[in-house]
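Shared between the two complexes below is chain A, which has chain B as its partner in the first and chain C in the second.
Right, the complex of A and B next:
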């Protein structure tokens, strides 16, 4: 990853949610949703962020565009630290940094027409102020995401899930962003529609030179769409590498078990699945040492004492595990 | 291309129609509106016309609902009184809904100390026995219909504020609100264009029920003589006259009383009908 091509660089991002209790609602405990996450997205490429439910993927996404306020860390976007911005500069920065949400049924305001939904970013960012100009742009965007421009007077409930997600993508595209954070954009869709929406993401990337931070728990999807992969477990990254390295030579036991769980579409191939025992520990009280040691099949004595640090093993392949150091 | 799904308003109307009591309530309210709108055309006499030859005459063919202690036609006075009831109901609840929606929005959206300040103020307001607060305020101000409407409105917004706040708490972290924030929308725009329109259904119910309560309060104040002042006819001050003559002229008490009863009942049935129709849990 060349430094000057880097569009987004996240450094030691931390988000702790305070859990309040007692009569004076003091902070009793902290839910450590994201606990020191660093990665970068080179311009024009796609970084896939994978991990199981509840590991903090969505909090990373929301922390980057400050929909939740991170506890600490840095988010450098084109060299500027977004977390140091005041609310006005942040509003301006969001033009280049858009998000597509997971649930297409919750992400569109049920009381606004498609035209107002897609046109709103154009109004609030003072891009198209005249109504005609805006209508033209909305029609253009609808065609770009594969919907007919005749549909702009309709309301969200008249559309299917896949169509709604296309509307959400059109809304994100309306301000000409450079980076789109896609927070599980297809996991709420039917399998048949999923492929179409994924291909739409790829087409748009080519056409507009977009970069994606693509968050998902679906590994086969990651392999198809990403250039780089970061694997997350319980608020921390465990492994980062180019997509082929992750799939061909995973180093972290957690990554290995995830990859072994990808179904192979051939009944004759014996799958050597590594089944993880138990559930992910609570992010309120993460285990000491390596966070994965409670479920790791290759646990060593040191794993429960010392936390492994992220180390580069070979060009661009980084892993945080005592096995490889 | 698009999936056909019934617009929400049609589903709502269908459910509402199945509730016969609600339809009856709506009919009563509608009837009252017609009466109030057509008052100058349908009232048989001038409501302020004094006729000394006809004092306290019982219901007859010339005075369907009888006359009062000054010989004025009770039916005409009731027809004109319906305007007062409607006006008080709507203006007072309009004021209450405006204040409640505004403070509830701010409390729910911003949270933290703003929320605490506003909601503790709500608690304080709720501690006052509202009716006696109104009495005290009207005793200081001069009793006029505008003062009454304002005072009823200013003391009746707390329920709306709580409702709106609760709706905001559940709506403000929904993805479409986050999406609006991500696209750079201001707080003002998010509150009034994204969240509030989605929070209005329960407010509509509260407002409909509130109209009934406001009409009742106005009648009570007028009955006590500190509401709408004679000679302006209102159902409440007609009852006062009825009380003085109740042993010899039952019609002076019965008809205004019935009118208040049916109006309040109508609004309550309508409000509850709307509430049931928008409640997704009662989907049968």
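Right, the complex of A and C next:
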């Protein structure tokens, strides 16, 4: 992943949430949601961050744009460390760094018209100050995401889930961002509508030269939309590589079982399924050594003692596993 | 051939202040003993209402089964009084729901809840029922079941809770299990565990399964026969191979084409095929084919006349004026 120009580089990102309890609300334990995650997104490309619920992928997304304040680490965006910014510089930086959320029902204010929803970032960031100019820009954005500009005066409840997600995308686009962090943007949509929104993401990327950090648990979608893939488990990355390498020659046992678990819509394809035992352990007390060793079928004695480090195997294919050395 | 369950010309409507919703609008469905039927469709197509109708659990008001016949094990379920139906429900037919958190009672231990189901239907004392609960939890793969029966639902993970739901559904060894999106709230690796569990239990207990889902991958892996629902109608019914390799209804074809697939990466820059528009307004259904407004092959007749579900290949039924074998 070093070849092209890096737009975003995340280094050793950590986010621990304190768990308080007792009469003095002391910090009793720490939930280690993200525990040292590093990756980069080259300009104009898509990095798919994949993992199961509770692995910390959404916290990574929120940490990058500082919707939650990371505990430590660095987030370099166009060379500057966002985590060192004060709130004014951060607000300016967010113009280039937008987020699209999962739930199109909860992420739009029901009391605001579509025009105000998409127009608000234009006011806040002093992009279009006159009302006419703003209306023109909102109309332009609505057409770009495949909605009629006549719908500008309507309210979110008048739209379907797919249309609402388009509005969320138009809002993110309004400030001319370079990177869009998309956190499960199509998970709440039906199959037939999902394809429309995925195509929209691809079209907009081509037209505006956008880069995406695409976060999802859906591996079929990751394969379709990403250039690079990072696989996350219990607060850490276990493997990263180009998309074909991840799917054609996965190296980490977790990646292998994750891929094999996806049901294929073809009754004649029988997947050689690797069924994992048990559930993901709690991020409050992650296992010692490799965090995956409690569910791994190829566990060795060293795995429960020593934590494997991320190593490059070949051509940018990196994996953190004792089996690979 | 004798069927375990035969649904004929079922109509279930909902009467609301905004009008009548014809959620199930003349549906036929047949399941043989030991067979898994996949019932697939997008949200709002009526698949859950159909399942609830079979269990006679449609909330009344506003819902009502208007007409039709449901024959199960030789008896007409719609002719039974509530007491007789209660004997069948949970004993001969069972249902598991999508959301494993809200389907369990939070103030009782899981052991008490399973034992309650057993004691309702079988003449056993409390001690025996608890013993049986332990056996069933063991069967669905919960480790250390004699200890876990004392757990409350919140002490378990999503996958564990779904196992408890399955245990409860199977406690009286039903002939038919209705699984309504049993894995939609779960992660892929846990989904793989649960699907494998349902399949192995189906084989060892010889029961039939109605697998209700929006996920065509899940259907391809579990079902022998598939019914596709759209806007209250079954639009296509076929054996699983015929449906996935030779779909005939334009909706089924488009649905399969719109899926990003793990086993078949489309060329970079390629687009997914989409289905234009959205499902028709349930309060204002078209008089012709409900899919006509989104169909590429629609002609005048499709807009004015509703096609009937007819057999055009062996065991392959489709309701479309334009479909040819």
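Keep this in mind: the second predicted complex is superposed on the first by the 322 of 325 C-alpha atoms of A that agree within 3 Å, B and C clash if a C-alpha of one lies under 4 Å from a C-alpha of the other, contacts with A are read in each partner's own complex, and residues count from 1 in each chain.
Here is the rule we go by: contacts are C-beta pairs under 8 Å (C-beta built on N, C-alpha and C of every residue); 3 or more make two chains touch, one makes a residue touch a chain.
On a predicted model such as this, the values are computed, not experimentally measured, just so you know.
Superimposing the complexes on chain A yields a three-chain arrangement in which chain B and chain C fit side by side.
In the superposed model, A:53 makes contact with chain C only, not with chain B.
In the superposition on chain A, contact of A:195 is made with chain C only, not with chain B. More residues of chain A are touched by C (comparison of chain B with chain C). Draw one line from the C-alpha centre of chain A to that of chain B and another to that of chain C; the angle between them is 80°, to the nearest 10.
Of the two partner chains, chain C is the only one that A:162 touches; chain B does not reach it.
After overlaying the two complexes on the shared chain, residue contacts for A:315 are found with neither chain B nor chain C.
In the superposed model, A:106 lies in contact with chain B only, and not with chain C. Legend: residue contacts after superposition of the two complexes on their common chain; A:263 is shown touching chain C, with no touch to chain B.
In the superposed model, A:247 lies in contact with chain C only, and not with chain B. Once the two complexes are overlaid on the shared chain, A:98 sits against chain B while remaining clear of chain C.
Superposed on chain A, the gap between chain B and chain C at their nearest CA atoms measures out to 7 angstrom in whole units.
Comparing the two interfaces of chain A, the one with chain B and the one with chain C have residues 160 in common. Put simply, chain C touches chain A in their complex at residues 42-43, 143, 157, 159-160, 187-193, 195-196, 214-221, 240-241, 244-245, 254-256, 258-263, 265-266, 269, 271-275, 278. Listing the residues of chain B that touch chain A in their complex gives 1-5, 7-8, 174-176, 178-186, 189, 193-194, 197-198.
Considering their complex, residues 62, 65, 67, 91-92, 94-95, 98-99, 101-103, 106-112, 120-121, 124-125, 148, 151, 154-155, 157-160, 163, 168, 171, 174-175 of chain A touch chain B. The part of chain A that touches chain C in the complex is made up of residues 52-53, 160, 162, 190-196, 198-199, 202-203, 206, 217-221, 223-225, 243-244, 247, 257-269, 273, 275-276, 278-279.
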